[in-house]
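Worksheet for the structure shown next.
Chain lettering (A, B, C and D) follows the sequence in which the chains are written, and residue indices restart at 1 in each chain.
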Amino acid sequence: MSEPIGKTRWAIAEGYIPGYSHGKAPELSSHETFCILNASDRAAQIGVTIYYTDREPVGPYRVTVPARRTRHVRFNDLSDPQPIPRDTPYASVIESDVPIVVQHTRLDSRQADLALLSTVAYAAE
Amino acid sequence: MSEPIGKTRWAIAEGYIPGYSHGKAPELSSHETFCILNASDRAAQIGVTIYYTDREPVGPYRVTVPARRTRHVRFNDLSDPQPIPRDTPYASVIESDVPIVVQHTRLDSRQADLALLSTVAYAAE
Amino acid sequence: MSEPIGKTRWAIAEGYIPGYSHGKAPELSSHETFCILNASDRAAQIGVTIYYTDREPVGPYRVTVPARRTRHVRFNDLSDPQPIPRDTPYASVIESDVPIVVQHTRLDSRQADLALLSTVAYAAE
Amino acid sequence: MSEPIGKTRWAIAEGYIPGYSHGKAPELSSHETFCILNASDRAAQIGVTIYYTDREPVGPYRVTVPARRTRHVRFNDLSDPQPIPRDTPYASVIESDVPIVVQHTRLDSRQADLALLSTVAYAAE
């Protein structure tokens, strides 16, 4: 591949982990994910910062994605420095030392049948 | 953070607040949201203009997002200068005095189980 | 507003009008929409071309959006030069003489509860 | 049309084919699609590379889209050099010798009523 695809700074303005679920865990649990593609030939050292409505940002949460790999990380699973509370609006900024591509997805299974949303995140220029 | 992430003018061409809902209010009420991330170190003074099919635009609606904060604003809750009617197509332009990131989400609970859509808004260059 | 927001050429690579529906027509009928925002001070003369898998493109379909207005047009309702068949993959290119913003949405009500998708369309540079 | 619309390198960081389905096959089977629009006057020779979490990328999968045509390709149907496993996170890079537009869609029918997501893919500059 000619040059790595992607950017090094991304933002997701929407964020909300529904507080309950229907269906088999973990695949049908309500969750929110940021999917990272690192198509480059170097491991990506990534820092995620979480923004809230009424308090200072928390982070960085550290994530590594090896060269030529994808990782789909559930915001639900972030724990260090602290978990993200459920039923709470948040946003995120994702910064990497190599170009990556970021996509945001939510599965909401609060009612009997699940709903999905997804969008490519916003890439800073 | 090196420089603020985002742009100062955004547009959402889709807009529609479903007129009824199933499920517990307010979290499962049908609603449409614009999520704002202000990752900068200055408060963002934001003006929202609503466009309709058959009459002049209405606005600006004023929203403030403090430095390093996110706000997820329901179009349902905008009231000054006037509420947005339900079951009516609209669109919006969102202008800020500092760079922000905007994402658009709808939760539609008109039928027994909810549906979701989301997309990063269109950023003017 | 300083200058008109948007671009003059847009593309939607996904297109599919489900062939049947549950729920009250027309709002809960399965449909696919392109939402146009014309925030400029001039009427937009728009031409839509529909691309298929196995035959030549059809169009342009003509749409006008007055200055400072939005129109949410159902692909289901396009009829001149010919309707778009149901249950058939298609794609579209939307060209305007003034800058516009385009968003693509589908409501699928083939099963008991509806599903939604939406994305800002691709803007040519 | 003045010049071909689109880009030649695209990425989709999200990828997941649900492992089971409700409803009539094939249209209501759980599936994931990349929709390609080739609005140019030359056939597009396309190579798709699939990235995984824990092994080297697989590909290219070869796809041709004739001039002035669209193709909506299910990731489910890719078989050469090897099928994509179900219930497994992946990502993709799509490269073409002529400009194309790419949109990503999933239909998830694991529960009684389907869910949808869609986004324009990320276009490399």
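Quick note on the criterion: a contact is a pair of C-beta atoms (placed from the backbone, for glycine too) under 8 Å apart; a residue touches a chain by one contact, two chains touch by 3 or more.
All figures in this text were calculated on a predicted structure; none of them were measured in a lab.
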Which listed pair, A-D, B-D or A-C, duplicates the contacts of A-B in over half of its pairs: A-D
Rotational angle, Cα trace of subunit A fitted to subunit B, multiple of 5°: 90
Classification of the subunit A:subunit D interface as same or different, half of numbers criterion: different
Mean-CA-position distance for subunit C and subunit B (Å): 21
Multi-chain contact residues (two or more partners), subunit B: 112-113, 115-120
Residue ranges of subunit C in contact with subunit D within the complex: 9, 11-16, 49, 51-54, 56-57, 87, 89-91, 93, 104, 106, 108, 110-113, 115-122, 124
Parts of subunit D lying in touch with subunit C, wherever the complex brings them together: 1, 5-6, 23, 27-28, 33, 35-37, 39, 68-72, 100-103, 105, 107, 109, 112-120, 123
Subunit C residues touching subunit A - in the complex, by the definition given at the top: 113, 115-116, 119
